[in-house]
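Two complexes are shown next, each including chain A; its partner changes from chain B in the first to chain C in the second.
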Partner chain A sequence: MTGPRPDPQTPDPQTPDPETPGARVTGAQATGAQATGARAGARRSVLARSAPAVVCSLLVLAVSGLALLGSETTQRTATQMLVMGVITVGTYIYVGNSGVLSFGHVVFVGVGAYTTALTTLPRGLKQALLPALPGWLAELELGLPAALLVSGVLSVLVAAVFALLTLRLDGMAAGIASLALLISVNVVISNWDAVTRGSQGIVGIPADLTIGTAVPWLIGAIVVALTYQSSRSGFRLRASREDPVAAAALGIRIRRDRSVALVISAFVCGVGGGLYARFLGALTPGDVYLQLTLLTLLMLIVGGIRSLSGAVVGTIFISVLAELLRRIEAGGGVGPVEISPHPGVQQLILALTLLLTLLLRPGGITSGRELGFAPSGWLGGRRKGPRPGTAVDEPATRSDAAPPRAGRDNVPAAKQGHPQ
Partner chain B sequence: MRRLLRTSHVTVRFAGLCALDDVDLELGDGEILGLIGPNGAGKTTLLNVLSGFQRPTAGEVELDGRRITGWDAPRRARAGISRTFQDVRLFPDMTVRENCEAAVIGSGRTRSAARARAGQALGWFDLDESADVLARDLPYGVERRVGMARALCARPRVLLLDEPAAGLNDDESAAMARTVRRIHEEIGCGIVVIEHDVRVILSLCDRVHVLDHGVTLRVGSPDEIRTDPEVVSAYLGAEAME
Partner chain C sequence: MSAVAQNLVNALSLGSLYALIALGVALLFSIMGLINFAHGELIMIGGYALLWFAALPFAVTAVLVVAVVIGCGLAMERLAFRSVRGASGETLLMTSFALSLFVQGGALLFEGADPKSVDVLGSLGTSTEVAGLSVGRLDIAIIGVTAVLLAGLAWFLRATPLGVQMRAAAEDFRTARALGVRANLVVAAAFGVSGAFAAIAAIFLVASTGTLTPGMGLRPVLVGFVAIVLGGLGRLWAAALGAYVLALLTVMLQAYLPGGVVPYQDALVYLGIVVILMFRPHGIAGRPGAVRV
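So, the complex of A and B:
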């Protein structure tokens, strides 16, 4: 109010004149000087660009390491968190970079889950459960990595159909179309008795997933996501997310780049689905339906849908919060304190968390920023605001406020990239 | 002068409203063509027809003698038609440099080409200091310069400018006109410029195309336009006669 700022339309008086001497550089001089700067810049930016992947991976390793010290239940929760991480990061690759909300990514998770279930189920059990299965599939028994890759590839094939149906749509229409697809696929899974055993589900999948076997896949997903995000296609897609009209005017073929993102996203989600099947051990159509869709979106939105760090931070934050709430819900002792059972408290608080995020911090915990360690890197020094890590400050305190006793398990949430 | 861009009999109707009616526009290679007319004359609609954002109801658009009427905006951008917007439309969460690079990477070129061209364009508009500022944090006047720098990074053969001096003060408008001139000398592209500031148009353009209610009122040199009684009464007013 004090300074002379009449109206936003009035240009800044300090705006330098474009004609100032020195601004006039001949093309040749400019290119020469910039080539040197560009090489140095390229080296710096490669380092700075990989920073989010490194920081996210370290975060995942730190939380997993802490969980290893905990009880068997804690370890199982952590494994689930890692699986959810793969699914969330996979969904992020498309949703985060394109800005198009999708309720349909759990379709890819479902395809991956059933593929891994069917290809890793012990032969004898498979023949007993699913006698109508084609011979070659009944005989097939793959190791986990092979099964996961097959799952990813099949999800990509489904994504190709998905792309034909929904890539022409935008915004609300795209969201609704993807939801319709999720419902259709669920109907198929629920009734394809010969292959999926319908609503009875598939049991006896080797449920041998541990923190140790899940971590590499999540780190792999993070690396894939960051590689795409910093690729030229990822850059174009992010530009189109910011302003599709301006993007088109610059030659960006939005649908093409969306297809690329969708294929990569579907692959990662398919792998995540495979891990999910191996985590659950028993798979029914309900496991890969609305609840999982909502959980994925909850993690993305609370963490910050516009950045990879947001997907990772959101997964960790919601997983830790959900586990704490589950314990409160169940009642009994949390540390030294006795708590009476509070049924329903988990769903309630998670819903409130989503609501509060949308109201108070619509950009999520990370607000579209990436975690990084470069002080003047491509995201670190750009804004006048605090270092990226401090952005996580707020939700950490919020998690203190939500459950009455946070206890030891709150450590990961409070630790999220806080540099001090 | 070789003909670079041309529309013939372009008509655009929006549900009964005729925004453009049988408009023939020609742009020579290396020419600066001013597009003027009162509000609602159809100037921006014509620019949208040229850049592929508006499919004409009837008529054709040609680039270098090639029919491009059915091409969408990205394809035209890749063919060398670049434009700015009245409301600038920068990518708010990207830096000034990234905004410029998007114009090069957007049409499929390499990162190193993008870095070199962005660096050069930032120099032209004296934006080096703002290179790493997010577009959302820019003051309005700087925003406009970034919009123009971004369009030029695409190395267009045809540059379409939609009110480049809108909202700028007199000094800034004059500076903007000088910059357009200078860049034009350096790159040598054809330019179609919509502008309300008559002084900018008359000092900058080789030819002026006057639209009124979707119809071509007159095409001619700045001097002819300035003294044309019909144009003066429809649009320019007395001040341009001075």
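So, the complex of A and C:
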């Protein structure tokens, strides 16, 4: 029972996972190695189960602590990293657990950002900038926590409309529909002069966010994400991600669990958007559009879209990389090209990182594993799944056209799911 | 009456441009399930290539532009998409997204972020009277060239061995391979044709707007996506139809929307797409292919 068995089709009768109905679906495809992991999983205490959140939070604290020693610029970059972390973790809650690609989560970020901007702008400035605002909103001036909660709640309302429109779709159509929604909302934001000041944007938002005030929100987002993914709904949703047909056959109502995830995800993204507005200080429609969408997806995919640790690791990795590249760009005179500021280098390298990740390590850095206190090492010792390096993070049901790629010696491993 | 006819001519011209873009996207989608964001960057490369070769006679420039863009399309296939062929739609989508940003980054680096202007087909800037309507010569050129290209593509797909293989691959890639269709050849041919369409679309696009920016590919490619979604995912002729429908919709909205709503026109169009997808997840003329439960 310890070595990997070659036949992924044989169901394993000894997969005991009493409180995770969804995990049995993937258990049917599991190898012996995975079943051993699942047995270990059933014995895990609450403490061990929350290990990913603890490790991720410690990681965030460590990086933030290091940044506190640095210059003011470094601290500002670290603050941005923390804000991006909230947005990325929020997006992960839906995209990571459901496996449905969404280009639309920046809509929730945008709603949150504008809500926080409008509710925390100093009263006098608001009346000067936006004279057409309705009276009650013009008078409103909330503290940061209250404004962020309002942002989250409003994003949830938008998510309800979103759910109504897109939840029937998956795969390609879902991606395009969410993109279409993002464009629609952005057109509205860009033209609604009375409330958003159109493409001129809102200026004068108190930009007082620091590492100290941002860290608690990111840790909160991590805790929410882990709580959701270890809930029944989270397990059901991930089962549907691995095999929608089998999950539906087991009685999982995929659309309901997707709605739950979308609502939680929208709330966290809304809060992240609020933080983003307070980080930027000036908000234009372009700030919550494709560039931000790309950055979020970049962090998720490079880190590993199928685990919470991936979202956090990806955020840190890409933030550090982007900061290094920014310094190279500013430094000038590096490399063979003669243009002294290198305006495209950052985008070029970040896109290349994403491209190479997709081509060489499709599961991202973590490949669906969670960080934890494992006896055999920190990185996924207790986790199931193929060895690092051979991981092809594609469930067998999704790849429809070509036979397995040449050069992958571990084909059965490529077909395994990753029950969490 | 003549206003309606004028709008119809405008819609026909715009629809022809959209159809060129949409067919380039739809060809790859039908064969390998790829929604190619980088198609917009092929158009962008075509635009800058026009600038590089602007000094030459137009016929030479056009041939060079088409050659450069086809070359870039084939390079994209070989370097990026071949490695992920057969992966899930999401992986393909993200790969093309990454590639698109990579090429954009390159354009930023080498051409700078500032818009550049280029004068292409300036001699077609005038209008001419056709049956009492004032029609731009450029519009006539777009409509004519697109009609020829559509006919050419139809002939290619029906009458040549390679075209028949491409249609077979679009129908069922795996079975086609089992019957001896060479996957690499068919996919490369699709990228080649797609590149040629992108180059010609770029020429007409730049001729009508006159400006170049590294991000200029985004809007056309979104239009292409919308057109193929409107028509029906995976069907070439439906994609062309979708392009003309979208153009008609755009022109009519522009002409007949009340003034206050005009800025929100794009929002309405894209929202309309979402609603259509909601009721017809496979497009207006699409057929469901996935497993149903």
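Keep this in mind: the second predicted complex is superposed on the first by the 318 of 420 C-alpha atoms of A that agree within 3 Å, B and C clash if a C-alpha of one lies under 4 Å from a C-alpha of the other, contacts with A are read in each partner's own complex, and residues count from 1 in each chain.
By definition in this document, a contact is a pair of C-beta atoms (placed from the backbone, for glycine too) under 8 Å apart; a residue touches a chain by one contact, two chains touch by 3 or more.
Keep in mind the model is a prediction, meaning the values are calculated, not measured.
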{"item": "Which of chain B and chain C A:Phe235 touches, first, second, both or neither", "value": "first"}
{"item": "Partner chain(s) touched by A:Val245 [first = chain B, second = chain C, both, neither]", "value": "both"}
{"item": "Partner chain in contact with A:Glu141 - chain B first, chain C second, else both or neither", "value": "neither"}
{"item": "Which superposed partner A:Arg253 touches (first chain B, second chain C, both, neither)", "value": "first"}
{"item": "Common interface positions of chain A, toward chain B and toward chain C", "value": "245, 248-249"}
{"item": "Chain A - residues contacting chain B, complex", "value": "8-12, 15-20, 23-25, 27, 30-31, 34-35, 37-38, 41-42, 232, 235-236, 238-239, 242-243, 245-254, 306, 368, 381-383"}
{"item": "Of chain C, residues touching chain A in the complex", "value": "32-33, 35, 80, 83-91, 93-95, 97-102, 104-110, 112-113, 173-174, 177, 183, 214, 218, 222, 225-226, 229, 233, 263-264, 266-268, 270-271, 273-275, 277-278, 281-282, 290-291, 293"}
{"item": "Residues on chain A engaged by chain C in the complex (per definition of touch)", "value": "99, 101, 165-166, 168-169, 171-173, 175-177, 179-181, 183-185, 187-188, 190-191, 244-245, 248-249, 290, 294, 297, 301, 337, 339, 342-352, 354-355, 358-359, 362, 394, 398-403, 405"}
{"item": "Touch list for chain B against partner chain A, complex", "value": "51-53, 72-75, 77-78, 82-83, 85, 89-95, 98, 101-103, 105-108, 110-112, 115-116, 119-120, 123-126, 132-134, 137, 139-142, 145, 150, 154, 167-169, 171-172, 175-176, 178-179, 182, 186"}
